[in-house]
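Both complexes below contain chain A, partnered by chain B and then by chain C.
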Partner chain A sequence: MYQYDQFDNGLVSERVDQFRGQVERRTAGNVLEEEFRPHRLMNGLYLQLHAYMLRVAVPYGTLNGGQMRMLADCARKYDKGYGHFTTRQNIQFNWPRLDDVSELLKDLSEVEMHAIQTSGNCIRNITTDQYAGATPDEVEDPRITGEVLRQWSTFHPEFSFLPRKFKIAITATENDRAAMRFHDIGIEIVKNDAGDIGYAVWVGGGQGRTPVIAKKLNSFVPRQDLICYLEAVLRTYNMLGRRDNLYKARIKITVNETGVEEFTRLVDEEFAAVKQHAYEQFRLRDEEFSRVAAFFSDPAYESLAATSSTFEDAKAKDTRFAAWAATNIAPHKVPGYAIANISLKPAGGIPGDATSEQMDLVADLADRYSFSDIRVTHEQNLVLPHVKFDDLYALWQALDHIDLGTANLGLVTDMIVCPGLDYCNLANARSIPVGQMIDARFADLNRQHDIGELKVKISGCINACGHHHVGHIGILGVDKKGTEYYQITLGGSADENAAVGKIVGRAFGYDEVADAVETVVTTYVNGRDSKEETFLSYVGRVGLGPFKEALYGSE
Partner chain B sequence: MANMNTKHAALQALTANLLLSGDVVYWSCRGDWSLNIQDALLAATEDEVAILEARIPVEENGNDVVAPYLFPVERDEDGTIQAISQREVIRAKGPTIRTDLGKQSGLRPGPVDQAA
Partner chain C sequence: MVLNKDGQKLVEDSFTLLADDDALNNDQAQILPLARFLDAVEDGSLNARTAPLGVLLAPADDTRALVDHLGKLALIAIDFPQYKDGRGFTHARLLREQLGWTGELRAVGDVLFDQLNYMLRTGFSTFDVRKAYDVEHFADAINAFTEAYQQPGDGRITVIEKRHAVG
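This part shows the complex of A and B:
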């Protein structure tokens, strides 16, 4: 993985010192909260319902064992012994004291981590495929481009005060695991007919109160022009983006109000200007790309047989392991290896939460079995990307011992759930306990496997941090005169078949949601042609009618 | 200020978060911040609300608390002060899904020790 150079180290440690000074001036009363607030937010420090919350960046979702161990240590030392992995592949600490945060940031800097640009109207942590560098079907490792863009966007002076926050995702496979089309900019690494690698650039996607699928602005930007092109998109947005209305400030609104054709023309015009006047500054040189790529070269894989009798025997004798293997492992590009997914959705748990002990164990297991490589997924799980088939059973046993061996990846209980009203200052309704009620309802793992792939996503407000718009079943918490209600949408999808879910009907009360979800699932299971017809295919075939009938009858 | 023994939905209290710890606090009858909602000074009349409201800019210009605001509460018949909205109920207690965390895990009564 990428290692900081002298410049990165200097930048991050200077920032820690600056923040320490800002906190000291604030606590001494030399600056007011109004003056301090932008500084704390620029360092990822929010004030939530019960306490401060620090959001720490995990660039393109990649961690090594040492970094995970440090996160565990910070959770123990400065928080309440746990952290929360988020849909931006980041981690949040829910209870740090203001006067501890500078030390926490100093500790993080020792393992090349920080909280810079995890808040504010700037380019946020760039996300990518959690299987990067391991999956057999990628054009190239998208983390290389992720790191190039991290360096370009960090403290970019022109883009530090954009009209609104700005999120970029990168994919390098046809199978989109990064919700690329729901980002302000989605970058798809592609190969053209001549065999050159470049980038399809999608712009104006997003969720929130106005869900929009991104439009493809350019089908092939040559590698050396990528930064020039992104400069052009950001500059166009920075000029046109609305600053008069918070709710109309995202680039999706700018693209919509300007028109895709006109927005594209303006970007092309700016692109030409950047190339004419600043090409030397922004051209992505082959040698620079290669320098960064070297940090992401393959680990020292062993030459192994494609099949493993150890693995097959373990599956035969342990049905729980067989169930885990059926859902939680994915194909690897190297024979004899697998990608192992660690579900952070144990029965009765809080989606995305991990204790210090669990983080320490994952770090140890990564060191032992996965070349010290760990990924955070936007679906709030973890991945060990390079595990030998021979080691999978031992890995799973260790995970299972500490409640991390749940065999539910991609199933109904593998939900994205935002913190909701239990923690979040913006939320209108609770999300986590609703998720737990659904989890309890579908506790039978055999039933989950029989239902098949089903993505439930829950948000506690219209900001859609729980990605409800793109849930196969989406649940949005709303406040109606002080009471929590939940609106259900069906048919959303964040993958390459991007779709925004449709509202099925009137909202349900807090105690009715699990019943409603059960009714939806039962309608699907009873109506599907066969087990091969997925939930999404079924919704696509029959529409909302059967669900409305089952949920509301003749109402 | 109001000293009501019957349920009253129009009462207002002043809340904020402590600058250092972020803990939820309430402006108390003693004229300081308390961690306990039961210590909250309640405003019932327009004049009382105005007095409590006048506290907000004073606190915003200080360095004890962050984000002060008024919110509605009610008193049970036994005199217990209850937040009305779910949001304020959760702030007063802690996360509903982690009852081992927040104030519900061991409420410290009385005034705030700023060094704590």
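This part shows the complex of A and C:
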């Protein structure tokens, strides 16, 4: 993975000093909370319902064992012994004290980590495919471009006070695991007919109160022009984006209000101007791309047979392991290796939470089995991307021991659930307890496996941090005269077949949600052609009719 | 108080910002809001000008409206009515990078202490700093970061260039 040089290190440690100064000025009363706010936000420090919350960046979702161990340490030292992995592939600490934050940031800087631009109206941590570098279906490792763009966007002086936050995702395969079409900018790494690698750029996607699927603005930006093109998009947005209304400030609204054609024309015009005047400064140089790429070259894989009898035997004798292997591993580009997913959704747990002990163990296992490489997924799970089939059983046993071996990846209990009313200032309704009720309802793992792939996503308000719009089943908490209600949507999807879920009918009360989800699932299971027809394809085929019928009858 | 990059006070600064109902005075150093400046160019009321002239860009103004008028100006001021509104950074950069403005570029309005480094880097050369604390600690803020990954306006050598410098 990428390693800092003296320049990267210098910038991060100057940032730690700067933040320390800001905290001191705030504490000494030289700065009002209102003036301190933008800086604490730019350093990922939020004021939550009960305490400060610090969001630490995990650039493109990649960590090594040492970094994971440091996160475990920080959770022990500055928090209550756990951390929360987020849908931005980041990690949050929910209970740090303001006085401790500078120290925490300093600790993180020792392992080349920071909280830069994890909040505020700037370019946020850039996310990508959690299988990057390991999956057989990619054009190239998207983390190289991710790191190049991390540097470009870090302390970008023109684009740090945008109309609103700005999120970029990168994918290098048609099988979009990064929800690229629901980002302010989605970048797809593509190869053209001439065999050159470049970028298709999608703009204006997003969730929140107005879910929008991004539009493709340019189908091939040559590699050396990528930064110039992004500068043009960001500048057009900075000047045009609305600042009068918080809810209309995202680029998706700018694109809609300006019209895609006009917006594209403006971007193209600016792109030409940038190239004319500033090409030398912003050209993505081959030598820099190669320098970064070298950090992401393949680890020292062994040459192995494609099949492993150790693995097959283990599956045959241990059905729990066989269940895990059926859902939690994905194909690797190298024979004899697999991508192993670690579910952070154990029965009864809080999705995305991991204790210090669990983080330490994952770090050890990554060192032992996966070249010290760990990924955080936007679905709030972890990945060990390069595990030998021969080692999978030993790995799973170690994980299982500490409640990390749940065989539910992509199944109904692998939910995304936002913090909701239990933690969040903006919430209308509880999310976590609703998730737990659904979790309990579908506790039978055999049944989950029989239902098959099903993504349930829950948000406690219209801000959609729980990604409910793109849930196969989406659940949105609303407030009706002081009572929590939940609206159910069906058919959403964040992948290459991007779709926004449709509302099925009137909302359900807190106590009715689990029943409603059960009814939806039963309707699907009874109606599907065969097990091959997934929930999503079933909804695509039959529409909402049978679900409405089952949920509301002749109401 | 208007400071230059090195934190020195501009002693010779005599510019006054023209409010809406102030009269244009061709013998006084004045800063005109963009619309008023363009009108004055149009109706010839600047023809007899002897004193230096500045123009003020508000966030929503079109930077490129100045393209044919740079020769008439001694100063361009960019207003930050609220620190959150980052359009001033784009104005600055366009002026330096695309319009080729080499004269004084001044940040005015809500010039936030911790934005000074970004202002410097997008090409500002003078800064209207109000608070005593900010004046005293100006150097810390403007030089908060030694290096930069990008070079949008101040001509510095970037980290990327340093990495690949020959020799």
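Here are a few things to note about the model shown:
Everything that follows uses one rule, which is that the second predicted complex is superposed on the first by the 555 of 555 C-alpha atoms of A that agree within 3 Å, B and C clash if a C-alpha of one lies under 4 Å from a C-alpha of the other, contacts with A are read in each partner's own complex, and residues count from 1 in each chain.
The rule is simple: a residue touches a chain if its C-beta (ideal position, glycine included) is under 8 Å from a C-beta of that chain, and two chains touch if they have at least 3 such contacts.
What you are looking at is a predicted structure, and each value in this text was computed from that prediction instead of being measured.
Contact with chain C, but none with chain B, is seen for A:5 once the two complexes are overlaid on the shared chain. Shared-chain residue A:159: touches chain C; no touch with chain B. In the superposition on chain A, A:26 contacts chain B only, with no contact to chain C.
Applying the stated contact rule after C-alpha superposition, one finds that A:278 touches chain C and leaves chain B untouched. Legend: residue contacts after superposition of the two complexes on their common chain; A:49 is shown touching chain B, with no touch to chain C. By the touch criterion defined above, A:436 reaches chain B but does not reach chain C. When the two complexes are overlaid, the chain among chain B and chain C that reaches more residues of chain A is C.
In the superposed pair of complexes, A:421 makes contact with chain B only, with no contact to chain C. Of the two partner chains, neither chain B nor chain C is touched by A:247.
Look at A:295: by the touch rule set out above, it reaches neither chain B nor chain C. Once both structures are placed on chain A, no chain A residue is touched by chain B and, in the other complex, by chain C. Within the complex, the chain C residues that touch chain A are 59, 83-87, 89-90, 93, 97-98, 112, 114-115, 117-119, 121-122, 133, 140, 144-153, 158-160, 162-164. Against chain B, the residues of chain A that register as touching in their complex are 26-29, 32-34, 47-52, 80, 95, 97-99, 350, 421-423, 427, 429-430, 432-433, 436, 479, 482-484. Across the interface of their complex, chain C is touched by residues 5, 7-8, 10-11, 14-15, 18, 21-22, 25, 30, 35, 38-39, 121, 151-152, 154-162, 235, 238-239, 243, 273, 276-278, 281-282, 285, 287-288, 291 of chain A.
By the touch criterion given at the top, residues 17, 19-24, 60-63, 66-67, 84-87, 90-91, 94-98, 101-102 of chain B touch chain A in their complex.
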